[in-house]
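Two complexes come next, and they have one chain in common, subunit A, joined by subunit B in the first and subunit C in the second.
For the complex of A and B:
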């Protein structure tokens, strides 16, 4: 039953975020809460799964089911959760370090498996939690304590990887545009299969220059392509600042074997009754 | 060269003077400052002929170190906690292949629940994987053990883990006597690998070995670790002659000569224990401390000899073999020449819980008085445990344990029930 009385506030817990003032992740939390309200999902119908990082703290700040796992494994945990409880809306969250370096292989296989998940990566092009080391999306010449002369390595293109690996929905949002981001999350959740939402989420502490992103992004410059070849051409021409849905495909999502009983908490309780 | 310096930086400087050719790492607290300092030393040109690789995970870090070491380079990495566990498969691989990699472990608890503070669960989880494990008492020793570790590793073709307490040592600023480059060069000869990539003599590293020789490969690893039992004390003496200070060795005794009770421990807690023992001696208790500076190979003979005249042994350890009790104390019990009933296990400081002198003194008084149990959890909040157990008895669906306990202790991050 759709409950029209749910507001974004219902999706936030009373735990106060420990993010730095001005951190982009606040914007993701707000957008996620707005999106869930728009979707009129009850908090108990949603599970938010994460790994480790500043961004990965987000489950605790929502009133949905939260799962804070180990570094890099969020997508695998989310996959397990979704196949066991297909009735829940599963949102997997985390940072660029969690998702693209230590958890990079799961990213490939989650796209390929196409389980009906929404994966929100808060990309700040840095490891915020460990205080400022370069990630796979960090610019080659960005200097840090760990790599004082930069990594010298080109950034990966997560959207291109997602497309090549089989993700069904690919979009980019920006925390400075919470309404636009909320709409993207709504579309991502509604789209069947694996949806990938890359969010430009500034780390004001270790990458203060990212405050400039608000002047650099191009709002909704991306119109969704249904054709992967066209999407690929656009992704390779993209400079990382175009917002919107880039690709909405029609690949059939992974479905657990037919005939399997859907487990509700009551079923589980019955199984474990003493 | 005396310097007021953070432990991590001091270790990085010492490692740099050992002239590693490949350094790779993935950041994790409390290891980060070590590898950031090395990154700086490479970038500034102070550490030359060294590749610094910013890898994508700890699994990659150890694997890169394995590749580099197999190619004949001196390889180093550092990690902690979850990182050490994540690289575990490669850690076994390194020792199985006999590659003399040196790795610092900035000791930290293992989750879940997530905890970034110090204990020894990480190193202890991998104690039997074939690496030599050395434990530093303070930052001076952390520096010196690294200088010893490269030579030991390369002499025996075995990897060495230097364990130092996370935050307590890694982040403490202390006065440290840093060895000079000349001193280290005189101490540590250039690396001469037993196996190397040589086009004139092509080899395959990592061949599959079946039942016909697997046991022998393992036995030889054990045999080489036992050789370290002779080398470590010998080189500790040599080290003292060259560098003018004691460091390393298998075990070191403090006020044990006439002791009736001896406390055994490893790592930075030794300092607190010595202070506590000094105070207890004032009260007339005949008590001493035995520090373990090498945990693998297990120095059974040295421990046996040190405890031969001792009637009661208390092992204070920062790790827990869940379902058994102590890890270090199991080893000590096996080496102790008298009744194992006189070896007490005290689990302390898990997840960074402060180990205070007052608690240690109270516990040691009861040990000396004969009332300490066989297994004690120092400063365990028994009320908290009782509440959790009562809840579990009363209802089936008690929810996530960590969150419930946080609620009980009133931590703000826990949601109301």
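For the complex of A and C:
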């Protein structure tokens, strides 16, 4: 049954965020709560899964089922959950370090599998939680105390990777526009298959210059393409500041048949017995 | 009352509700970082915006404010809502009041524009009334600011930061 009285407040837990004041992740929490309310999903029909990082604290701050997982493994947990409980709306969340470094391989295969879930990456181009190491999206010439000469490595383009690997819906949002981001999350959840939402989410502590992003982003600059070649042409010409839906494809989501488990946990335990 | 005026008042009420909610959230953020002075100040601003929301509710005979997330604005959020990105854990009262002043000015301008727009007369009248209230808030915050000292020269210096590169 759809409950029309649900408001964003219903999706925020009583746990108070410990993110630094000014952190972009507050905007994601706000947008996610708005999106879930707009989708009129009952909190008990939603699961928010994450890895490890500042951004990955988000399940604790949302009022839905939550799983604060292992670093880089949010997509593995989310995929397993969705396959076992297709009735749940699964939203996987995390940072660029969690999703593209240690979790990079899961990212590729989650796109390839195209299980019906939504992946929100709060990209601040840095490891916030562990105090400012560069991530795969950090600019080659960004210098800090930890990396005085910069990495000298070109950053990856997650949206291009998602497209090449088979994600069915690809979009970019910005935390300074929680309403626009909420709309993108709604579209991502509603779109069948694996939906990837890259969110520009400033880390005001280790990358204070990202406060300027609000002057740099271009709203509604990406128009959804159903053709992956057209989307690829656009994403390679993109400077990372265009917001909107890049791609909305038509691949059939992967949903393996669910059946009873063949082995019980006790069987497994026996196999490991010394 | 005509539907268009009801819609306008619902929007005005949502704008105040969103501003109040955001200030309350910002107060919590400041409490989390033990910035008591600014936490209290944001709490006070939340109550002021809440009063304005309640005045509209009373005038309209409504019991509950409409959900702000149902509305869209020319700006990313409502004209009176503070951007999360403007905060700093060491900010001082003056910084917070400057944000509040910016918000009140934006709200006044928003209503002023509506009061001069080519729209039904009854909405323009309501908008003019709201613009006057927002200008009153601007004046109040200006007085408050005049009594508030400038931030310390090195207000953002923290010799023992909660998150720092070791």
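As a convention for this text, the second predicted complex is superposed on the first by the 257 of 274 C-alpha atoms of A that agree within 3 Å, B and C clash if a C-alpha of one lies under 4 Å from a C-alpha of the other, contacts with A are read in each partner's own complex, and residues count from 1 in each chain.
Please note the rule applied: a contact is a pair of C-beta atoms (placed from the backbone, for glycine too) under 8 Å apart; a residue touches a chain by one contact, two chains touch by 3 or more.
Fair warning: this is a prediction, and the values are worked out from it, not measured in the lab.
Asker: Give one of first, second, both or neither to describe whether A:131 is in contact with subunit B, with subunit C, with both, or with none.
Answerer: In the superposed model, A:131 contacts both subunit B and subunit C.
Asker: Touch check for A:237: first (subunit B), second (subunit C), both, or neither?
Answerer: In the superposed model, A:237 contacts neither subunit B nor subunit C.
Asker: So, A:178: does it touch subunit B (first), subunit C (second), both, or neither?
Answerer: second
Asker: Pick one for A:8: touches subunit B only (first), subunit C only (second), both, or neither.
Answerer: Only subunit C; A:8 stays clear of subunit B.
Asker: Applying the document's definition of touch, where does A:26 land relative to subunit B and subunit C: first, second, both, or neither?
Answerer: In the superposed model, A:26 contacts subunit C only, not subunit B.
Asker: Which partner chains sit in contact with A:34 here, subunit B, subunit C, both or neither? Use first/second/both/neither.
Answerer: After superposition on chain A, A:34 lies in contact with subunit C alone.
Asker: Where does A:146 make contact in the superposed view: on subunit B (first), on subunit C (second), on both, or on neither?
Answerer: Both: A:146 reaches subunit B and subunit C.
Asker: Classify the contacts of A:16 with the two partner chains as first (subunit B alone), second (subunit C alone), both, or neither.
Answerer: A:16 sits against subunit B and subunit C alike.
Asker: Of the two partners subunit B and subunit C, which one touches more residues belonging to subunit A?
Answerer: Of the two chains, more subunit A residues are contacted by C.
Asker: Report for A:229: first if it touches subunit B alone, second if subunit C alone, otherwise both or neither.
Answerer: After superposing on A, A:229 lies clear of both subunit B and subunit C.
Asker: Which residues of subunit A are in contact with subunit B in one complex and with subunit C in the other?
Answerer: Dual-contact residues (subunit A): 16, 131, 145-146.
Asker: Touching subunit A in the complex: which residues of subunit B?
Answerer: That would be residues 25-29, 32, 35-36, 39-40, 43-44, 52, 54, 56-58, 82, 86, 111-112, 114, 396-397, 412-413, 415-416 of subunit B.
Asker: What residues of subunit A sit close enough to touch subunit C in their complex?
Answerer: Where subunit A meets subunit C, its residues are 7-8, 16-24, 26-27, 30, 34, 37-38, 128, 131-132, 144-146, 175-180, 182, 202, 204-206, 211, 214, 219.
Asker: In their complex, what parts of subunit A are in touch with subunit B?
Answerer: Touch list, subunit A to subunit B: 13-16, 52, 60, 68, 70-72, 101-102, 104, 127, 130-131, 133-134, 136, 145-149, 151, 269, 272-274.
Asker: Taking the touch rule as given, give the residues of subunit C at its contact with subunit A in the complex, in rising order.
Answerer: Residues 25-26, 28-33, 35, 67, 69, 72-73, 76-77, 83-89, 91, 162-166 of subunit C touch subunit A in their complex.
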